[in-house]
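The data blocks that follow each hold one structure.
Both of the next two complexes hold chain A, though its partner changes from chain B to chain C.
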Partner chain A sequence: MSKKNISFSSLIISNIVPLIFLLFSIAAIPLSGLTPTYLVQEMVTRLGRNTFLVLSLLVPVMAGMGLNFGMVLGAMAGQIGLILVVDWGIGGIPGLLIAALVATPLSILLGYFCGFIMNKAKGREMVTSYILGFFINGVYQFVVLYCMGSIIPVSDPELLLSRGYGIRNTMALPGLRQALDGLVSVEASGITIPVISLLVTLVFCLLLTWFNKTKLGQDMRAVGKDMAVADGAGIPVERTRILAIIISTILASYGQIIFLQNIGTINTYSSHEQTGIFAIAALLVGGATVARATIGNVFMGVILFHLMFVVSPLAGKNFIGDAQLGEHFRVFVSYGIIAVTLLLHAWKRRRNLLAKQEGKSEENREDDVS
Partner chain B sequence: MFQAFHLFQMIRSSNKGERQISSNPLLSIKNIQKDFYGNKVLEDISFDLDRGEIVGLVGENGAGKSTLMNILFGMPVIQKTGGYKGTVQLNGKDICFRDPVDAIEAGIGMVHQEFFLIPSFTATENILLNRESTQYNFLVELFGDRLQKLDRTAMKERAIRAIQTLGVDIHPDTLVSEMPVSYKQFTEIAREIDREQMKVLVLDEPTAVMTESEASTFLTAMKRLAARGIGQIFISHRLHEILEVCDKIVVLRDGKVIKNIPASEATLRNIASWMVGREVGTTSFRRARSADDQDTSVLLSIDKLKVDMPGERVKNVSLEVREGEILGIGGLAGQGKLGIANGIMGLYPAQGSIILNGKPLPLNNPLESLKAGVAFISEDRRGVGLLLNESLKLNIAFTAMQVKDRFIKRLPGGIKWQDWNELDASAKEFIDRLEIRCTGPDQRVVELSGGNQQKVCVAKVLAMEPKLLLASEPTRGIDIGAKQLVLEVLREFNQRDRTTIVMTSSELQELRSICDRIAIVYEGEIVGIVPADAPMEDIGLLMLGNKLVDEPTHA
Partner chain C sequence: MRNIFERAINTLGWARLIIAAFLLVLFCVAPFVGIRIDTSLSDILVRVGMNGIMVLSMIPMIQSGCGLNFGLPLGVIAGLVGAVTSMEFNWAGFFGFFMAIVFAVPLAIILGYLYAQILNRAKGDEMMIATYVGFSSVAFMCMMWLLLPYRNPLLLWGFGGTGLRTTISLEGFWLSILDKFLSFRIGSLFFFPTGTLLLFALACLLMWGFFRTKTGAAMMATGSNPLFARANGVDTDQMRTLSVIISTVIGAIGMVVYEQSFGFIQLYMGPFYMAFPAVAAVLLGGATINRATITNVVIGVILFQSILTMTPSVINNVLKTDMAEVIRIIVSNGMILYALTRKEQAKK
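The block that comes next holds the complex of A and B.
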């Protein structure tokens, strides 16, 4: 009996974050006054739009590199692909594919760079990749704001700022808007389902599951758990870590392309900035930690995080009469959840370190509690 | 003698050599020499290992065992410190590894003392780490071999096979984190066994963390491996294990092979005496004790002391130290000898009771200990002992100033002022007395060599004029001449000021040369206190945990 109690309470504790969000959303839904149909529609759309981006975070977590804030590098690569495709006037699915094709080598390059830097900062990957995001953002601005239209030819003057070079602040994606979502969309009881986007996401999940079972997947897990042991066994640790980041960056670029085709417009200089924070917050809301993240966490996280996203401004408005409050709460929560998770991670790591120093092997806790 | 024998053997093997490969020893270590920055740690080491043979390698800490194994295993530290002289032959071919991966490929396996396992992986995953069985799929053509899929069934079979070779019962799906210690060790060995080409297995104190029964299962597994023709080098401080399982015993002392004999010709007692060595010019400092010395009062009395110092845990120590004596504390590394002094000083969490000079000494409070007249030379001089960026004279005087108000002028109004003249004078005196090589009292300590830093540590505590001096490894890392000097000075203070000294050292010779009595610590407890002139082999046996009641017998 007592054993059951322990496992029940530990179940609650290990899922405390998703539970809190679930309870909050349940309380807020009636306050917001939104209809169930609307909510389901929103969730389905957002699953198709955001899941891919969040999935791109899984591989680095597996390789023990934490939450890859450097995924914004991939997002930037994706945006450059889209900008060029719009300029070339290619629409529809071919446009998206070519954008991906342009983004891939850029992502590999950026991913390699990011992985290389992270190998120099082992154990501090997250803060390194976070700051690296700012740095590459500068390079991105230089390329898009100065080089495009001057060095890199841009034929469509509509895209350029009035001074003749540099891309406008916002640009529409005329032929690309909802190209993937709209390809095959099914209407079921008033809800539009973007079949292909969801299918792409699903295929990718299967690929990830398969990847987990490959030799490279196993190597990444080994590197993630203990670099010294992996190195001793002859696994090329640094190379494996760079590969993990490259994979993550490429996927993030595809994710950003899927995300933007749904939205239909690009905020040239800010679309990518929020990508990392929101994807990471969603993953964490789904119950993942810095050391462990599953596909289940991704779906759970996307649904819960975006449920709150949709519900909280209206709930705030109806409850207190100020929509801004809900908005503030939303921002507060997404940054807060990241801070708390990092804190928990640091605390756990410290405790394990102390336990190790005392000679007790409590290594298993590190993985299980999370 | 030994070398002549070896030469003879070499000639013999070279005669037969080409025709009959198997007459070559599996592994042959010849005239290995190694020094670290001019400090000789291995001198002319030679021995052979045959197929299916188990060689026991014994020696005190610092005798050179680890260095020898590092050479054999191609550890990078060897190359970085200038390589080594001599040859290592495997199957009659010269080998020289650049890194451990080379050694593994050549068929040398190493089982480490600390586990090289991933706790959250299963036994199977650990045994086959980076040698997993895989299946082909078309993506391999695009992205390379690492995208092959793991073949879990085949992996499990291989793991079971390796585990069965050892004759133990580990479920291949058990997580390493949930295993008892011995199973972890078995998992490590199973990993080595799975390598087809494994010929030589080095076992570095694998049983140190095991219980008796676990160890005996382990020894059985070793014999099974030997029967399969795998040569093993077994390092252990548990001599009865060595005697039980080894065919040959090689005793190292101070970087030399002292004995290389079949196990059948050795006994516990003579291995112990070979390990610790004979007396060499040790009478220099010990004064003749007169009878009335025995009657002096007890200065320090420790009762049931427990100290939680990582790696040097003290479990239960009761001890009395008489006023004016020098008590030595000896024992092998990791048994807890360093924990005692650290516990008395309050540097690590301690329990129990300590009575100094009739008054109870509060535990876990370094300042109180200092104020009560206890001074401490730390074994960790860079961490605890010195203010590296300050001048020599300040280092010498610092603690005395803090605790004893020495070197301080009182100005009217209660203002305390450093007395620079006295500081200088005392620093100069110590520099002369201990022959500290420096430019003067104002030189920063960080600029001094290690040995001279150690001398500053000694000067620092002597400046406190302590009642009780705890000296932990006071001569660690300094050369012979300086060692003599430090010991001389300690003895001098002991006689002139009647400073009671408790000296902890891993060098038995040193303890014997200066102490009146020696307490030996084993597994966190004192197994015996003997007079300093007790026979070496008795002390050796104590260090290995054998009480001196009668000839020890082991199950």
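The block that comes next holds the complex of A and C.
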């Protein structure tokens, strides 16, 4: 009986973040005045659109490298793939596949670079990958704004700025727009379901589960637990960490392609910037921590985070009379949730460390007595 | 001969050497592509004064072992609230400028104290958490700018909007009040912003003095060897708290100085990325993530602002494109990356 109680309260404590978001959404949904049909439709669309991006974060967490803020590198690779495919005039599923094909080597290259840099900054992986995201953003802008159309051939003048080189700020994706979502879409009681996007996401979930069981997956978990021990066991630590980041970067590039085919337009210079923060915030809202993230966290997180995202502007408008406030609020929540989770993680790690030290000194004392 | 060369590289560091050489090339090229050196120098001086104090605010936190102050937006927010409050009362001139600081400092102390409480619970992970504390506080203030009860029509949106404007001009309040103080011109184009630079020098002097007091020494000990500091009876948590408060207060004052020189107050997402140029500047000056001196600040801010001023104008004139933004992003973040990945300062 008492054991059950303990497990119940520990269940609440370990899921405190998703619970708070659930309660917030339950309170805000009636205030927003949105119909259930609309909300379910939004959630289904967003599950198809965003889940893949969030999935790309799982592998580095497993390898003990924390939240991979460097996933924006993959997003940029995906965008370059899409830009080129639009220029070559390839539409539909072939277009998306070729975009992914172009993005893959780029992602491997960027992922290798990111992993290499992170190996040089062990223990500071997150802040380093974060700054790396900014740095590569500068390189991306240089390539897209100055090299495309001058060094890299771009034949479609529609895509270029009026000065003759550099890609326009916004770019429609004709032929690619909802190519994956619309391939097979089922209507069920007024809700359109993008079957293929969801299916692709599910297949990758299964692949990730399978990957966990492979030798490489086991190695990654060992590296994540303790690098020194893993090294002692003969696991190439640095190589394994680089591989984790490469996998994450590739998945992020595919995720960005899926995301953008749903949206239908690219903001060439800003689409990727928000990707990382929203994916990470969603994962954390789903109850993941810096050290532990599961596929369940991904789905839970995408639903709860985007529910908050859809509901809060209208709830803000009806509650205080200002939609702007609700929009600021959701940005605040995205950043705030990351800050709080990081803090809780650091705090817990520190307490464990202190407890370990105290335990040790107590052991010593006992030795002295005996 | 080779020895001297190696020593020079070791003390200066590759990154700074490359940047300095690049800068030298820019200055040599400038006259040939039609850029006046005197205008450029004047621009650099104004920008150095404008940003100097904010860069200086990095020192206390680095010295006490709290790492790079990515949470600078907290100080910036205090500076913004101070400025807006002073303008709410229509105070102009030196009095307005002074009152902006008077309003900003207590708020910075409170925010700094809270910020320190967070950072003391996150030892070893300060930088990432600082970044996100900064970001979330900026987002939180976005809501506050809409809700705070400011009434001065000059500060508010005119028709059909609520809350404070995104950009507020300082025209008629205390625009360039410090820049113009005791300033002089040489020729028609060279302008020397004496007041701002004097205040920067004074702030540097005070900081130099502070680290020679007993408290300052205790703060440095906290950063370089916390166990040793504790063994000598230093309350390390208290020292860290003090350093964060000082950093935040200097950041707030730095922001007010920045505003008077810049001429506008940018609210909402304006302060979002403000920490990064300041962090990059102090690193460019040779600071590491656990050691920084006044010299690092002065050299860093001069080098960084020179690069920012010279690169766009020279490159624009040579290539006829505006690459300023891209170069700023690559240089500043490259500098931070370089500092984060240097082996010898990896923490235990």
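We take it that the second predicted complex is superposed on the first by the 358 of 370 C-alpha atoms of A that agree within 3 Å, B and C clash if a C-alpha of one lies under 4 Å from a C-alpha of the other, contacts with A are read in each partner's own complex, and residues count from 1 in each chain.
Definition applied: a contact is a pair of C-beta atoms (placed from the backbone, for glycine too) under 8 Å apart; a residue touches a chain by one contact, two chains touch by 3 or more.
Please read these numbers as outputs of a predicted model, since none were measured by experiment.
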Return first, second, both or neither, reflecting whether A:233 touches chain B, chain C, both chains, or no partner chain. first
Note to self: Just checking: does A:11 make contact with chain B only, chain C only, both, or neither of them? Give me first, second, both or neither.
What the structure shows: neither
Just to be sure I read the superposition right, which of the two partners does A:203 touch: chain B = first, chain C = second, or both, or neither? neither
The answer to whether chain B or chain C touches more of chain A is C
Touching partner for A:225 - first (chain B), second (chain C), both, neither | first
Contacts for A:332 in the overlay, against chain B (first) and chain C (second): which applies, first, second, both or neither?
second
- [ ] Go through the superposed model and pick first if A:346 touches only chain B, second if only chain C, both, or neither.
- [x] second
Please work out whether A:23 is in contact with chain B alone, chain C alone, both, or neither, and reply first, second, both or neither. neither
So the chain A residues that chain B and chain C both touch are none
Listed in rising order, chain A residues that touch chain C in their complex are 117, 120-124, 126-128, 130-132, 134-135, 137-139, 141-142, 145-146, 322, 324-325, 328-329, 331-332, 334-336, 338-339, 342-343, 345-347, 349-350
Listed in rising order, chain B residues that touch chain A in their complex are 100-101, 104, 116-121, 125, 129-132, 134, 145-150, 175, 177-178, 308, 310-311, 313
Residue set of chain A touching chain B in the complex reads 210-211, 213-219, 221-222, 225-226, 228-230, 232-235, 357-359, 361, 363-364, 366-367
In their shared complex, chain A is touched by residues of chain C numbered 70, 118, 121-125, 127-129, 131-133, 135-136, 138-140, 142-143, 146-147, 162-163, 276, 321, 323, 325-327, 329-330, 333-334, 336-337, 340-341, 343, 346-347
